[in-house]
Amino acid sequence: MAGQGGSSAGGRGVVISDNWPGYSLDLFTYPQHYYGDLEYVLIPHGIIVDRTERLAKDIMQDIGDNDIVVLCVLKGGYKFCADLVEHIKNLSRNSERFISMKVDFVRLKSYHNDQSMQDMQIIGGDDLSKLTGKPQGCSQSGWESQSFPQAPNSCIQLSTQQCPWGTAHHRAVADDIVGTGRTMKVLLNNIEKYKPKMIKVASLLVKRTSRPDGYRPDYYGFEIPDLFVVGYALDYNEHFRDLNHICVINDHGKTKYRV
Amino acid sequence: MAGQGGSSAGGRGVVISDNWPGYSLDLFTYPQHYYGDLEYVLIPHGIIVDRTERLAKDIMQDIGDNDIVVLCVLKGGYKFCADLVEHIKNLSRNSERFISMKVDFVRLKSYHNDQSMQDMQIIGGDDLSKLTGKPQGCSQSGWESQSFPQAPNSCIQLSTQQCPWGTAHHRAVADDIVGTGRTMKVLLNNIEKYKPKMIKVASLLVKRTSRPDGYRPDYYGFEIPDLFVVGYALDYNEHFRDLNHICVINDHGKTKYRV
Amino acid sequence: MAGQGGSSAGGRGVVISDNWPGYSLDLFTYPQHYYGDLEYVLIPHGIIVDRTERLAKDIMQDIGDNDIVVLCVLKGGYKFCADLVEHIKNLSRNSERFISMKVDFVRLKSYHNDQSMQDMQIIGGDDLSKLTGKPQGCSQSGWESQSFPQAPNSCIQLSTQQCPWGTAHHRAVADDIVGTGRTMKVLLNNIEKYKPKMIKVASLLVKRTSRPDGYRPDYYGFEIPDLFVVGYALDYNEHFRDLNHICVINDHGKTKYRV
Amino acid sequence: MAGQGGSSAGGRGVVISDNWPGYSLDLFTYPQHYYGDLEYVLIPHGIIVDRTERLAKDIMQDIGDNDIVVLCVLKGGYKFCADLVEHIKNLSRNSERFISMKVDFVRLKSYHNDQSMQDMQIIGGDDLSKLTGKPQGCSQSGWESQSFPQAPNSCIQLSTQQCPWGTAHHRAVADDIVGTGRTMKVLLNNIEKYKPKMIKVASLLVKRTSRPDGYRPDYYGFEIPDLFVVGYALDYNEHFRDLNHICVINDHGKTKYRV
């Protein structure tokens, strides 16, 4: 019954309502070179830490005694993934549990004007790159990937019987943001060919968009309005990755870092 | 213009409005022995960390190149004070600044039925205990000190010319909560006898009470409604100090830990 | 068979041998105002963190399902105690364990020329101050308490049937340093009058002195040579508490901060 | 004059001598599933944290007011890189400095039997993958890459005038380990084609090998003996990435995780 910004915290994530005004920037510290470029703090860094700790606990409970492979979706998911992995390590180190964990990285890219996502390029991820067969040149991630929300960066949990990384592993994909979920579906389709025992997707953010397509990750940190957000490894044309908090960019920032 | 819970974040702290519903407890981790005792999370631990980092930066900027003595008001202020000191140490370690810092501890206690606070006992704080001359027995801190909000636990920044700890130091008192501020005023009166160069009070929380008496600390983290809060070293009859987040206790919890 | 500085890591702590040269100061960061005052880093901050995490795990295992009261011995023990408590909270928050924890503070002081310790003053610690009945004026802690090592600052774990804080609690005393252990014995004698169920003493450091008197805490982080060490809340005339690492002071530092 | 394990801490890193016995495993916490697989702790996690904080400070000082691009060499360098980036962000957030930072990822792979490294594959790294033109299939990283030390995982700092990521950036490559440095040289050759303004390589570890080839990174955390080490993202056949400390694997561990 209690949520953030006056709305309810339903299901499995913190729900940030559309009328949530955020936090004034001068309540926290942030890099000087972004002074004037941001509207407000949507999610302060520390609450991401707290929420991720709980996600790690939930994931570990669901996984049982199976091994886990965390697949980090670069670049936007690297911070969420690194922190999720740290929390899982902390649980593993301080418990009687017996869960080994591997980490891998994958990179998803898409053409700006191609919403069908069929030309998505997956690079990295040990043998995962063999899955797509389309290693063409690809565009920069950035603003456009937010205007047409495509969840370009992720981190999933999956489990596989015949999997590229070995056998019968559970896998976790740590994702930074899910818009329509179209990109994530392409990735999952590729992974599912390998008959994983279990696949779970953890996404830090889920955006409420006008074009929902039914996809929702198994775990997520926050459900947010359809805003352009930066920080905590989320970028606008490669900027703002070095910002701790998740913030809403302002017009000055958009103009300054446009390419 | 941006605040928490729909209200504005005015002045120098995060303002949590009266209609802020808080966060559902199952969004975060917290100790099993408090399951069922809490209503909701008012302030997640990580936001406290972020906000305290900014307070440390503000304090350091105002202090200039003067030495600092941090006076931690036990017991409720020990966590806030410890974290504030860590942030200041971090600033000191990584900057070109040249600010030495000392740490001291003081304990304020008051009789339940004595709202005049004149019998406040100060124990600890090197020679500070000499200031009061009234080392009588004293009551437990806890629930009552919240019903009659008296800021029993604090952490101040002061500066003194003839001070018990030396001379001409700037002092910071890290406080966990300020209600009417009556107790803090007694402490400050005692300190001011020593003609400090500068005294600044930093309080994690400021409560909006029906009996405001004009006192407001120089720095504070959050302005909160007049609620019974526990966690982050704030206790109810010595319980809940081992809770990370600042939470609102429920009726079950009140009954369970009543003494 | 593996230890630090070429010696063996026996029993329950890291053994730092007499010929351990330490780490050069320019390998780490530390506050500018201590440049020139230190000889070398004896124990970097991060190893203290790692070792304390293990101590917390060991303590929790030994405690079983009993409640715990951590008694922090000010001032030198506050950092060790705060960190130990954080690690225990982390264990509690992320496990199925059901262990409540309270925190209290005590302050031990002793006369310079009185090695019998019978005039030790205990201040703070709720009703613990009633235990001694000798609230006389007392000297500053500092250099002398190291020359005549008396473990002035600690953090113990005890358990009591009729105890000042309640009943049947296990107690942990977090101590920063143990020399001869004489002061700790006086404290423990006072506590034991209350017939605790279990008392355990955790000390960050144990010094190898020429006058061993048989006392050894139940848990300790590091066994170190008989050196004057500062940092991590350990002071020399109230200085160096704001230093992260445990370092050996040099002659310049001794002269500069002599009182 | 002071170093670790009795040797001197020369130049710009902690020198761990050949006769350093390490720390007994039971002094720290580590995941249960590695019990029995490790010989000892070579470098506890916390000292890596401390050392990396200093490296971040040194790098920031040398960079001046130029922008920085951190290039993380996957997979082994991801933890070092993530932590280095966090320390730099901390410096940026809390100082008056005005240094923007971008992050990119690169992956180096080499054939087992090809010590010439000419067939090295670079995947990821925005347009960096265009540099090599040899996106052939590649072998697993792991044990062999240690037997024939090739620094497969890194994180560099460079600066470029015509660079793939933009222009005139300073770049930092965070590397986990440098053996002969041959792989790093290939990477640097590829980067230098783009006439960077400045390139700096930061490596967590430098191994003393019998086949030195003169390469030494600009910054490094620790110089270690020629041992098989795992942990802190360093793997043996993808295992041990979830181990906090840098440890030496034992025969049992080698057999258990051999592929």
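Lettered A, B, C and D in written order, each chain numbered from 1.
The working rule: a contact is a pair of C-beta atoms (placed from the backbone, for glycine too) under 8 Å apart; a residue touches a chain by one contact, two chains touch by 3 or more.
These are the chains along with the protein names UniProt gives them: A, B, C, D = Phosphoribosyl transferase domain containing 1.
Not measured: the values here are computed from a predicted model.
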- Show which chains lie in contact with subunit C and also with subunit D. A, B
- Message: If more than half of the interface residue numbers appear on both sides, call it same; otherwise different. Which is it for subunit B and subunit C?
- Response: same
- Note on the structure: Comparing B-D with A-B, the busier interface by C-beta pairs is A-B
- Task: Using mean C-alpha positions as chain centres, tell me how far subunit B is from subunit C in Å, no decimals.
- Result: 25
- Message: Centroid of subunit A to centroid of subunit B, CA atoms only: how many Å?
- Response: 36
- Item | Rounded Å distance, subunit B centre to subunit D centre (Cα mean) | 43
- Task: Please list all residues of subunit D that touch 2 or more other chains.
- Result: 29, 53, 57, 93-95, 244
- Give every residue of subunit B touching subunit D within the complex, in rising order. 53, 57, 90-91, 93-95
- Touching residues (chain side subunit B, partner subunit A) in the complex: 1-6, 8-9, 13-14, 19-24, 26-29, 40-41, 44-51, 53-54, 57, 244-245
- Item | Complex contact set, residues of subunit A against subunit D | 29-33, 74-75, 78-79, 82, 85, 88-89, 92-105, 107, 123-124, 126, 129-130, 135, 140, 165-166, 233, 238-239, 241-242, 244
